[in-house]
């Protein structure tokens, strides 16, 4: 914690800052320049708000100098976390994993068809939504528990792992028997109660970055899960909100190497939500692999035009196959491989 | 719904678009120019995704031309909604209301002190958080039910109405006896299950705009509550996320007249979260009144430097008093008044 | 300048940072905590790039702790700059000034009509573009020198001061006899050569914030003019680019109090470009006054629907008159007045 | 041009819209639904402002349905533009080109050293700034003409093509004998006078996207150059401004496939400015290739820590070499190649 005083700050103002720092649990070092005094608080109190120092009289600027997350930081596991599933699949290792499937589970037919296509293309996970958060109350809201059961069946039939979105605490227990990985959607990235509960289960969690969240905030959210004792967390870039309107979101590809640098957690890319347009998904998926992603989560549907939701960003099965071939050709440039 | 075909789109591509529109429940009109064909879908199907048309072959652009919300639209209640409380306070009428109080309820002493100050300054609502969503798991998380009970007591003692944030469905029933208005925080603006439940209660709801949400999305979220039969909804601008870092958020003052134009719902301004700095709150509160806000929600604390959360953006009681005087002087320029 | 080393940074890495700081002209203080070393550079070297420290090995974060601008900072003129014109008009004093007129000068008739309307409404400046930067090469590009001459004539006839946009260095000399104030448009906020030249003239300059520029960058740009010896600079908020599309830009009203706090320069608000819609201009103009603006620049045209450019954001003359009355009622709440 | 009227718009309001469309040169088709009337203007008038329709009484929304650019559109040259240089280098063909060099030309020694390194690594262009736009007036401002001469010498000595930034019209003639390609920086993307002049020369132009510019605006700016008769234009993504602060800008990788879809112009990626940090440049360069970029422009310096500007985002020569190897391995996955 560093507090830079304004030029001309009074001795009393400086003293007040020092007292606040001591109260917050810091040891204080003072550096007096010809024009400006700088006060450094060292030690690592758990909770303090840097903004509260900024508005004190005589303060010019204040900076937190230790990162607010601990368990998510690279130094906690310098070699990187590898999540291991019972069937041998790993996330965060040499292999780049592919999670694919429809936005929403619609029917047994649809799901089994797409599961077979995902398996054939070389995917390891079947994704699919049973509970759907829709921005209009007049849209389809998901199949619920029936959808989950279909997912499990399709997973068992094909050998694919199941990943599906959990929207609230009350769904966790219901979902536990059916999913291999819980997905937390972008809108819930700061639903801290939900994250805390997911820290107490023993299944991996994929946590998506919110559309207005910085990478630091994403890491801080993951801390809620990690601090509960669940270390099998993967993060996911799915686009942030910017002024550009041609794409639904602007996919921040740089978040991939940034997360890999700052944290030990595996980083997944979601090009479907990242750009929101089927015609751009392959380019963004390839870019994600080239930037170092540990995996991809992609929407695919036997007939995207008939999909009940997100059809515009959903690939045709033959597009997925072609894309897999391209990604397989790129991965070795980074010492990685796709199945 | 308008679909503009690319120049050179084939007859088959145009036919395909027409079929999709018919399937989605539209009546179709076609306009053929020398270089470009435009297909218009009229009628108002409830749910369709304009993005799905954009990615069809031969399509240049697609636009939704009817607003996706209905009950929230101005035309539903052209004279504007006025929310009426049992004690005679109204929101959305001539009077501009003030909701003030601490970020978090900390103790009986703190709360009763601030309640008296809010009452003396001329406020109508006591705000205060019993459940706190904090971005770090290592921060204070709120007093819970005990905090709610203190709120109710303080409200009854002073005649102030009580507003407090509900974070999840399971809290609604617990809160019902204690609060006069439910606040939905920015992070929950698209927690659709929560919104739907709030549509079934019979107490007013204040819905905050998310930091990455457009005004249209805010209105669409309010539709979830309205469509459940709860028409006592007020909206709230509390800052959006932009590249500017001097302020915590960028308070979008223009959202105030925009909401008043597009919708009949009352519009509240939250300058505390809007800028995140105590020294800017008065200027932004005055600007909100001048732009046409129906009310303000402001953080105040007997001793902001000791506040357990959001101290940096919390006013001293004497600042609130001065601000009230300034706002009282501005309101008549718009034909409004503050108590 | 503060450099926070990573936990576990080596002695050699710390030494390297210290050497860089010394090379850049800093005196160095070192603070060693149990887990982390912090290196502070004091003194005020003119030019260094904080980003270059961030990427050095072993560095966690680096912060500039003195503001990069000097002449624009509040401490340079704590009482605030007041710009004084020969006819007695002042900008930055008690009076709030109004600059109004058409986006583009179109004809003698148009200009003289609007000048009389601006004068009658109580404005002090006639604004109007002679050179127009248009985003399409197929749009009207301005009347040039003839437009400037008309501006001067209209100014002399009505007693209004003239403000017009300069787009490049070569236009400065041509404009000097005709304008009382040079306007630098948002697109030129970082045209440093142009700014430098404007530092050498002796007429006031109004510098607009770029749509992607932070307040700090705006102040830094003003430094180019000030450091040339021209101290009569006013700044202007005219909207920044965000994800919200209902308005052309998002007008950052908080930039008004922020500039007044950080700098001594007068701050003008441009609600016309700020929101881009005629129906929102009055609300945003009122909000600007309430937030502490020293003046407003507003587009008005005898017949906005026939305006050759920016008609959508241009007021009808009767709207300007009504708005002036509203603003006159608000100003006293801040101890200010409008003519 | 489509104008959707509000429900309940009057006959007179509809008539007024129709008249405006006719005045603007459109042919008008009217579609009357049960609740809403839609007015379509067909034909392609050169200049009109869709915003002016939005604010007319009774109008709900208005959309431009033909793209505002013509010569830059894909349909103008469906097979894509290939720029051909005298030495056989092509941009926009099968080969992916690499432009590398220092941010600023500093000395003969520096430039010749880096030119040899770029050549050895397999680059085709030497980049380097002779005129530098710096955000602080206290920073180094470039070597000017002497820098250009050194560039030409270094280019002739190594067989590299020369690309350098032009900042204003007056520099064009001075630069013509020395450069092979003019670069227009992000800050000048909407300096329309400069663009117009560059339309009259016969050397290729690389036009960078502004940090707050949409892809559509980038294409519209290129139209200024194209409409002057200079068809050798390449575009460049170099990062946009968002709320994320870890990176200097957020590099919008999706702009690469979007430009390739909407336009026939070659698309270059600038990962150095795109992320602003040396440690992220390789990942973003690889991602650009994977997303379909036609070339890269990368900052490299014999000793980045001693670079007079942009050192933080400048690669070490050995990093460039390693990156070239990685990109060479990725290109074939897209049917492309690097030298």
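Letters A, B, C and D mark the chains in the order given here, with residues in each chain numbered from 1 onward.
The rule is simple: a contact is a pair of C-beta atoms (placed from the backbone, for glycine too) under 8 Å apart; a residue touches a chain by one contact, two chains touch by 3 or more.
Everything numeric in this text was worked out from a predicted model, so none of it was measured.
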> Where are there more C-beta contacts: B-D or C-D?
Replying inline: C-D
>> Measuring between Cα centroids, which chain is at the maximum distance from subunit D?
In response: B
> Taking each chain's centre as the mean of its CA atoms, how far is subunit A from subunit D in angstrom?
Replying inline: 31
> Between subunit C and subunit D, what is the separation of their C-alpha centroids in Å?
Replying inline: 26
> Between subunit B and subunit D, what is the separation of their C-alpha centroids in Å?
Replying inline: 38
>> Using the touch definition from the top, which residues of subunit D touch two or more other chains?
In response: 212, 240-243, 245, 279
> In their shared complex, at which residues does subunit C touch subunit B?
Replying inline: 212, 214-216, 240, 242-247, 250-258, 261, 274-275, 279-280, 283-284, 286-292, 326-327, 329-330, 332-334
> How about subunit B: which of its residues touch subunit A in the complex?
Replying inline: 20, 46-47, 49, 51-52, 54-56, 68, 133-140, 167-170, 187-188, 190-193, 196, 210-212, 217, 220-221, 223-224, 227, 240-241, 248, 276-279, 305, 309-313
> Which residues of subunit A touch subunit C in the complex?
Replying inline: 2, 4, 6-8, 27, 29, 31, 33-36, 38, 40, 42-44, 60-61, 63, 65-67, 75, 241-243, 245
